[in-house]
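Structures follow.
Both complexes shown next keep chain A, but they swap its partner, so chain B is in the first and chain C is in the second.
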Partner chain A sequence: MIWIFIYAELLVFGILFLAYAFARARNVALFNESQLHLNRTAGAVNTLVLITSSYFVVRAVAAIRADRTRACARWLLAAVAMAGIFVVVKLGEYAAASAHGITMSTNTFFMFYWAMTFFHFMHVLLGMVILLAVWWKARHGAYSAAEHTGVETGASYWHMVDMVWIILFPLVYVMH
Partner chain B sequence: MNDKSAMLNLRPCTITWLVLVGLTLAVLAIGRLGLGGWGIVALLLASTFVKTWLVAENFMGLRYSALRWRIIIAVYLLVVLSGIALAWWVAG
Partner chain C sequence: MQYSSQAVAKPYFIAAIGLFVGQILFGLIMGLQYVWGDFLFPEIPFNVARMVHTNLLIVWLLFGFMGAAYYLVPEEAETELASPKLALALFWIFLVAGALTILGYLLVPYSGLAKLTGNDLFPTMGREFLEQPTITKIGIVIVALGFLYNITMTILKGRKTVISLVLLIGLWGLAVFFLFAFFNPANLVLDKFYWWWVVHLWVEGVWELILGSILAFVLIKTTGVDREIIEKWLYVIIAMTLITGIVGTGHHYYWIGTPEYWQWLGSIFSALEPIPFFMMVIFAFNMVNQRRREHPNKAAVLWALGTPVMAFLGAGVWGFMHTLSPVNYYTHGTQITAAHGHMAFYGAYVMVVLAIISYAMPILRGRAAANSPRAQVWEMWSFWLMTISIVFITLFLTGAGILQVWLQRVSENPEPFMVVQEKIALFYWMREVAGVFFLVGLVVYLISFFIGGEEEATA
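The block that comes next holds the complex of A and B.
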């Protein structure tokens, strides 16, 4: 069931990516100029943070498959902490953009920037809630090597969130 | 989709993480140098394909799944990334 949800989410983001790319084709100069206002370092830091968080989730899955419940909980908490860094960096970016008067209505580029990154941001928040719920259950011994569907499901969702950002970062922050 | 009883081999996952970090730093370098043009766009799209495929195969565990699930992801990535390439080509 989670895979149908994941594929549906990927489809929505895929349509957004293509809409961005073809909207850019109609106004290359505006998109290239607007892109210069983005903080590429912050985008790259958030990419590193998300891929590391995803790796920690992989370690959590490996731990529970080996029946190491406490290690699983620790890796999940580390993954959530990395997600927390993503949230702080992204909120900093949003605050800086707002301080410069950059909103969704500034131009077409920023309409896409806010829509795509905020939509993804909401998925990060949902992913954090899911990982925290899985962490809580893992901490209380709800999972084992024999039964850990919840950990696998939460992990798959989190990797999807990571995968989307891996496409979004070069597309919106770097390619011109 | 995965065999949940299987022990996870961490080595390919750790290598994947290192490759993802390396490619991300390369993308950042390209961004900070302000490099553009067709060659760079092709490089960025190819690196994005590699990164997302590695996440799907090794982190999500699709390599242990039925072929149809892997094909869906591969087709998705090819359609989206080719579409983006087409849009850049249209833009000239």
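The block that comes next holds the complex of A and C.
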């Protein structure tokens, strides 16, 4: 069931990426010029942060498969902490953009920048809620090596959020 | 009936069906006025007929939703309704207020009605679908608050299921977004902007949650499939509804003076709005295929399967046809919109209300689990008559719309509105004929309630 949801989500992001590509093809110069105003360092840091958090989630799944409940909960909490860093960096980026007067109405590139990154941002927040719920249940011994569907479901969703960013970052911040 | 307080659903369902008949009659009057301009003029001018047709639809669907909630919440929460007396009192208040409003539309000129009800003190009238006098709107809020109090208290004291929680979120959302009916800024752009928060966020947002939960309830009852499986589907469906539907509001913001980015946001997100409807189709058919029992109420299963199919076609496919802004540039406000509106409302909301009525009414009337096979045959005939009629109404309006777009907007020498209207009159005649067949289907539906015979045993 979670896979139907993940595929549906990927479809939404896929359509957004296609629309971006379509709009960019019609005005490459504007997109290239506007792209330079983005903070690539912040984007790169966030990429590393998300990949690390995904790794922590992998460790959490490995831990529960070995029946190490406490370790599983700890890894999950570490993943949520990394997601927290992502949120802080992203909010800083948004604040800086706003301070420069960059809004959705600035131009088509920034419309996509705001729409896609904010849509992804909301998914990070949702992913954090899901991981926290799984952490809570793990801490209270709801999972074991025999039964840990919940952990795998949360992990799958989180990897989706991470993967979308791995596409989004080069697409919007880097590719010229 | 498991809980005696579920009985309050019955007057709500009866009122819903009664108002449904009124809605269809006014639809036929109006359909005729398209081709016979001064039919019933000056007694019932076109704008009044239209207002009554759309307002009755919304009011009877609200009666249906409330009846559905009163029926399914006690059963889901496994407890009696918090206050059946309040539910009955609200029923009469809502019915009388609704009837007075409709009579006001019919008997007093609209501007006179505005003066009579003190619209100048707190102006909220004069906007499509929100034509109700301000006091009626306040009445709707009072009824909604009482209703929500009743339902919420019932769920709080009883078992909390996904179905009842989704329904509750949908109903609260319905009430909260209606509050924007009171927000009437002088700036026309802002006015329209928030007007859609009532209209769009109802039918393409919170109402879909109500639809999903009622459908899930009927499917659980008639198929006996595990609640867990049905709940997982419901989660995914409502998540996709909200992900696509909320930003999808943007497909109404193309030409009203809002920022340009709505062209993109509205097009992209609303293009994905068919997804949750498609999921509903797969969901309903899967559940029926995996059924663990043969429920004797075949008619209810038919409605439950018809709902997602027609909702997907009407809301999903016919909506997608004109949702992209480059397309909508030509089709905006033409008969294409009317075609979409008819099939979407019928498929999504009319059918789901008829599905729960079909399931609940035999039980509410003290029959066994279902009506007699003979009564069911009549009901299923009405299903096919009404459904096929609405398909034809939609197709004829689509034909009219395509011609209209072509002659009036796309062609090299665009023709004036009224000239084009005369040229597409044939389609309007055919639509009216299809409408008469719809009425026949509705009469068959009414007759099915009065057919006795040997009832089916308990499921």
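Brief remarks on what is shown
Heads up, the rule we're going with is that the second predicted complex is superposed on the first by the 176 of 176 C-alpha atoms of A that agree within 3 Å, B and C clash if a C-alpha of one lies under 4 Å from a C-alpha of the other, contacts with A are read in each partner's own complex, and residues count from 1 in each chain.
Note that in this section a contact is a pair of C-beta atoms (placed from the backbone, for glycine too) under 8 Å apart; a residue touches a chain by one contact, two chains touch by 3 or more.
Here the structure is a predicted model, which means the values were calculated and not measured.
Touch criterion met: A:Thr52 reaches chain B, while chain C stays clear of it. Once chain A of one complex is fitted onto chain A of the other, the partner contacts of A:Ala145 are limited to chain B, with no touch recorded for chain C. Residue contacts after overlaying the shared chain place A:Met104 against chain C, while chain B stays out of touching range.
Once the two complexes are laid over each other on the shared chain, residue contacts for A:Arg65 go to chain B alone; chain C is not touched. By the touch criterion defined above, A:Met175 lies against chain B but remains apart from chain C after alignment on the C-alpha atoms of chain A. Note on chain A: of its two partners chain C and chain B, the one contacting more of its residues is B. Of the two partner chains placed by the overlay, only chain C lies in contact with A:Ala115; chain B stays clear of it.
Applying the stated contact rule after C-alpha superposition, one finds that A:Ala25 touches chain B and leaves chain C untouched. In the superposition on chain A, the residues of chain A contacted by chain B and by chain C overlap at 11. By the touch criterion given at the top, residues 3, 7, 10-11, 14, 17-18, 21-22, 24-25, 28, 40-41, 43-44, 47-48, 51-52, 54-55, 57-59, 61-62, 65-66, 145-146, 148-149, 152, 155-156, 159-160, 162-163, 166-167, 169-171, 173-176 of chain A touch chain B in their complex. Only residues 232-233, 235-236, 239-240, 243-244, 259-261, 264-265, 267-269, 271-272, 275, 279 of chain C touch chain A when the two sit together in their complex.
Listed in rising order, the residues of chain A touching chain C in the complex are 1, 4-5, 8-9, 11-12, 15-16, 19, 23, 104-105, 108, 111-112, 115. The part of chain B that touches chain A in the complex is made up of residues 1-2, 4-8, 10, 13-14, 16-17, 20-21, 24-25, 27-28, 30-32, 36, 40-41, 44-45, 47-48, 51-52, 55-56, 58-60, 69, 72, 76, 79-81, 83-84, 86-88, 90-92.
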